[in-house]
Amino acid sequence: MGTASTLENIDAVRAMIKRAKLKDHIFGLVGLVCIMLILLTLLILFVDLVVDGYPKLFSADFYSNFPSRRAAKAGLLSALVGSSLVMLVTFVSAVPMGVGAAIYLEEYAPKNWFTEIIEVNVTNLAAVPSIIYGLLALGLFVYTLDFGNSILTAGLTLGLLILPVVIVATREAIRAIPIAIREAAYAVGATKGQVVGQHVVRYSAGGILTGVIIGMARAIGETAPVITIGALTFIAFLPESPVSSTPPFINFEWLTSGFTVLPIQMFSWLSRPSSSFHVNAAAAGAIIILVTLLMNGIAIKMRYNIRKKIKWQ
Amino acid sequence: MANADLTTKAEARDFNFFYSNGHHALKNINLPLYENKITALIGPSGCGKSTLLRSFNRMHDLYPGNRYEGEIVMHPDNTNILDANVDPIEVRMRISMVFQKPNPFPKSIFENVAYGLRVRGEKNKRLLADKVEEALKGAALWDEVKDRLQDLAFNLSGGQQQRLCIARALATDPEIMLFDEPTSALDPIATANIEELMNDLRGKLTMLVVTHNMQQAARVSDYTAYMYLGDLIEHDKTGDIFIKPKDKRTEDYITGRIS
Amino acid sequence: MANADLTTKAEARDFNFFYSNGHHALKNINLPLYENKITALIGPSGCGKSTLLRSFNRMHDLYPGNRYEGEIVMHPDNTNILDANVDPIEVRMRISMVFQKPNPFPKSIFENVAYGLRVRGEKNKRLLADKVEEALKGAALWDEVKDRLQDLAFNLSGGQQQRLCIARALATDPEIMLFDEPTSALDPIATANIEELMNDLRGKLTMLVVTHNMQQAARVSDYTAYMYLGDLIEHDKTGDIFIKPKDKRTEDYITGRIS
Amino acid sequence: SKSDDSNTVEEPMFEPNAIVTIDGSSTVFPVTEAVAEEFQIATKTKVTVGISGTGGGFKKFCRGETDISGASRPIKQKEIDKCKEAGIEFIELPVAFDALTVVINPANDFAKEMTVAELKTIWGPEAQENITSWNQVNPDWPDQPLKLFGPGADSGTFDYFTEAIIGKSKSSRGDFTASEDDNVLVTGVAGDKGGIGYFGYAYYEENKDKLTAVAVSEEAGKAGVLPSKASIEDGTYQPLARPIFIYVKKSAAQEKAHVKAFVDYYLEQGRPLIEEVKYVPLPAEDQDAVIAHWKALKAGTGFIEGKAEVGVKIKDLLDRVQ
Amino acid sequence: MNTATQVQEPSQRTTISPRLAKNYRRNITERIIEFLLMLCALSAVFTTIAIVVILVYESYSFFEHVSVFDFLTDPQWTPLFEDAHYGIMPLVSGTLTISFVALAFAVPVGTIAAIYLSEFASHKTRETVKPILELLAGVPTIAFGYFALLLVTPLLQMVFPDLPTFNMLGPGIVIGIMVVPYIASVSEDAMRAVPMSMREGAYAMGATRFQTAMRVVTPAAISGIVAAYILAISRAIGETMVVAIAAGQQPNLTFNPMDSAATITAYIVQVAMGDLPHGSIGYQSIFAAGLVLMLMTLFFNVLGHFTRKKFREAY
């Protein structure tokens, strides 16, 4: 050993390295093309919608008008309000449940077949097609529990839909907290509840929130399950306001109200005979994408900030 | 090594420990911790030093399936802290611990030190402030941080963080303090600071220190125990262990034949 | 410390290194590696041992923003391997490295050892098989694995994995071998095996070994360099360094006053 | 917000929480929606219009959940029974005509006129996998692949078309592109030279530039008739012109002032709105008869055993209800 | 050793802090918290049970009318026609064909993108591109549906003039585009999880980036990558709106991507939009179709779960 074989053949070695590195460059290019392909698709899709919906996107009336049979007058107001209220129900139903489930799985659950079942369940639910949730809602909420096609039904359906997203995100956030932090808390005499409440939940709050936002962004654009529960409706008024100026200040009548949401509104405009509605549809599509982009953007920014602030050693 | 002047603060008696995977990590350990003395635990990597140390505050309870056998008795009340009726939380309130890597909470400096007291239900602000100051002074950190108690603890250097963890452990007036290689993640200067601090605490507190640095053991401890593959081979005055070890394996280790 | 009999195989000249965060990790290092000798690098944790070792095969190039200054020259061709025109791949083909933790690839034992040759474009099966056998013998692993060359490397024990990594490094006939604490993740018996292996290779290969175990440095190396806070404090025959260090800081370290 | 001046409740004519709840056919939807929109503006009363389809609409209607149900076919005997069980009486009101329009690709210049028999050859269940080329329908036509587009099998339009052309409701070949979204059908026929499809007249009106309508003749020899306002009104566009209905809950008409007002508005002010959404209003005398029928609150259906009839006269229908 | 332990009178056990006196109450609260959290975790199980019960219950009524044998073997699916056939095969073939097209597009593109991001791109590129890729998942699927119908299919028709307006190729590719982010992102995570030391080992042998990526990182991450593929399959199988809009809603028993077809999801949403009364056989048929869909995704999900588990054990 030790005789400098590489050195003796240095020219051959260099040529060989050059050949090998050529593959590096080719692959680098192919990879870039693949990524560009996807990014361009997103861009084309978005630009196309913005260009088509341009006249509507920048008109204030579009946001303050109710749907109408006349494309020029038709606006998004009831869909905007509907989406917001549905998201409220989704948030309230999915977040406490999802966070609780994640905490249980990460901090409490013993390692046994029972936990294993729950885990398989969660991963499984995450990949269940959204249309199945639509069927669940149709069979359970609409017909069995008789909620009708109300804000409550839609909110609960989407809540179940994003439950696994919230659980997975929360578990990841919790796992990022080093064992050492927990041991430190236990070592000064904290109880399990205190460790969970004062440390685990607190330090993972940012991560949980980003997961929730991402889940909500997905829920906002969901169409199929909401169509399944029969939400294609002409609604030209707003549900009862959840808050009022007279006692008891909040009410829940809006929960049973009919509603429309952004993707459904887009869908119903698209299926109009007159192509002048397609402008509205494009504008609605652009807004949905914009909202999801915004929400995802916020989530990413938050994740970044959290990572910068808390660097576990 | 018998010494009539010594009070035993705690002792392991025929203590065995099994990890959940069945690994018999500690075998028939008998080890006294003398009151207000520093006991060092040395031995090659994997010999069970950390395992023994963490048994003293029932840290192993956090992971299901681990099993203790035998007793660890605390004096003067003669409680077997391994007893199923003894709440591990109570044990941890009497015995605090400092870890290998500094592990402050992502909270302010003040809240880190105050945490143990808060867990004990202390709400009186004055008292908290006093205790925090006292603990930080005890950990020789007060002068460096007194003007920024509300800063995030992560903004401190590694050595300062470790002293903060010591302050956190001191704040609750523990009867025993456990240290698991408290300096191995620190640079030489921070290490020297921590060692000095331990010297300051000597005589005031019962301490058990795991270290893989024999020089450190020699410098800071009163008593030293040498462990090897789960057995406690030898326990004696530090000077005696290093100068005239009785066991061949101890000698091999100290002279560097085993590492 | 100059010695006329020695050929210098490589040397660092006024070498500085800066991490991407601006940390000046190595300051004006001058260090020769003598041909077919083992040079040990010792010093307290964080002093820059690994940083220096990894500069010799331009491992730092993998992470953007790191900066070298000065030269590391290889002989006899007098190439400055830090030169921007020198391809780091070429450097790594001449200098191989063994890491702290065994890091075999998720492939068979055979493929692990053959990997370097495959990367060099070698396809001849006979030649590959010969080289693999030779390297495994060189790493004292042949007898243990010759009947299961197609087994996944992960199925070997830690010590065997580390010897496999040494075989992998040997298989390409490197001019220099770098070892970064090659035994610190291993048990005492595996450690003894690796040290024996290094002793076997002594005189055949130029080696640079980082270790935080002074006894190991004393046992295996011909020359020892002591580093402290990014400076190379002292470099000399191993016997001289351990018996009569010239620098106070070296003495402090060797006698355990710094750790 | 800005919308307040036009839409939200300011001075409601009726009690503030009064809602007219309507559900039912997607074919009737555009008309009802237009009426609802204007009615809301005029009276500040809330109206919801769902699209559960004719069947889904009756389901809710007979459970008493809605006041009015839109239907593109007459109520079926089963549905009548359901309503009866729940004690719900209904008033059947024809409101407009729709003309199912058969369309082909503009590049197709040979099939601009087709007989019912030819349509039956194309769409009948026997045609499945057999009739795949235009020349199999009529030897004079070229050998061009036939591409079919039609509404989903669960729509009222499909029911009526099969009834009128094949002679039996829901009897049709299955190998065609089906969509509930008529624009998809428009795109399909417009994109395929051999394409043929059918849907409501309104979609043809809006897409005249992309499609050609087929003139339909009832039997060979007779001249084909193109769908138009005139040919529907005078009854010559047969058999594909059909009335569409609303069914009003009698008790609601009697007890709920806002529901009554809504139907009044529908029948009396609806004409221009029906034209606006490209449906064909009833002839004036029929319209009067419907209004009279409504004012008299005559409950029940004019169809015998709930069976749809092709080419039925409005007057006859109304007269049958006593 | 240990002979001189002073004999101590066993003194009374004193509570160290008054709080410990509340030991019992504390335990109760801790129990309640744990129980509530367990209920939350069980919500996932309840959801699954609800889904299964609903699907099975409605399908049961369906199978009272239709024999399972016919359901599985009849080559026609025309449940709403006069001459009703209830063979699920045409829907399954459509579903599989579209998923296959989607994967044929997404697997290479997604894998290459993952390798590029993990091994070639700079840290900054990766940190910017990855979230943008994930944004694709947020685009409402109906937008993708019209994208397939109005943009992708006409483009494809330039290459294949015979391609009908409604076909499986266009929507297949668009679904492929939609699932690329899943594949890229999950595979990239798996590659990130390969310890840096393994890469350093390869580079130290003189390997290039490409060699390291292909011969070391990819094999090491393979089970994670496969899990990503499986996730993508169940996404593709479950996608609804794109197929409903662009594939033609025509239940054809065909595996030719140039044909138009219907998938299980498209059938469900089409029926759900139409005039179908609750309790009719047509209504029940969407639950029977849903059950088949659920079983298909379940199969892939469980497969994926175990692949991932195996992969977690690797390090």
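For reference, chains read A, B, C, D and E in written order, and residue numbers begin at 1 within each chain.
The rule is short, and it goes like this: contacts are C-beta pairs under 8 Å (C-beta built on N, C-alpha and C of every residue); 3 or more make two chains touch, one makes a residue touch a chain.
These numbers were taken from a predicted model, which means no experiment stands behind them.
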item: Between chain B and chain D, the fewest steps along chains that touch one another; value: 2
item: Chain B on chain C, rotation in degrees - Cα superposition, rounded to nearest 5; value: 175
item: Chain pair bearing the highest count of C-beta contacts; value: A-E
item: Interchain centroid distance [CA atoms averaged], chain A/chain E, Å; value: 15
item: Mean-CA-position distance for chain C and chain A (Å); value: 49
item: Inter-chain centre distance, chain C versus chain D - centres from mean C-alpha coordinates, in Å; value: 85
item: Overlap residues in chain C, where contacts from two or more other chains coincide; value: 89-90, 93, 119-120, 172
item: Touching two or more other chains - residue numbers and ranges from chain E; value: 206, 208, 211, 273, 278
item: Overlap residues in chain D, where contacts from two or more other chains coincide; value: 26, 52, 56, 180-181
item: List of chain E residues in touch with chain D within their complex; value: 76-78, 80-83, 85, 149-150, 164-166, 244-245, 248-252, 260, 270-271, 273-278, 280, 282
item: Residues of chain D defined as touching chain E within the complex; value: 25-26, 52-59, 125, 147, 152-156, 162, 168-172, 174-181, 184, 187-188, 191-192
item: Interface residues, chain E side, partner chain C - complex; value: 122-123, 195, 197-208, 211, 215-216, 219-220, 314
item: Touching residues on chain D, where the partner in the complex is chain A; value: 1-3, 6-9, 26, 29-30, 32-34, 36-37, 40, 46-52, 56, 65, 180-183, 200, 202-203, 205-207, 273, 276-278
item: Chain A residues within the chain C interface of the complex; value: 1-7, 10, 13-14, 16-17, 20-21
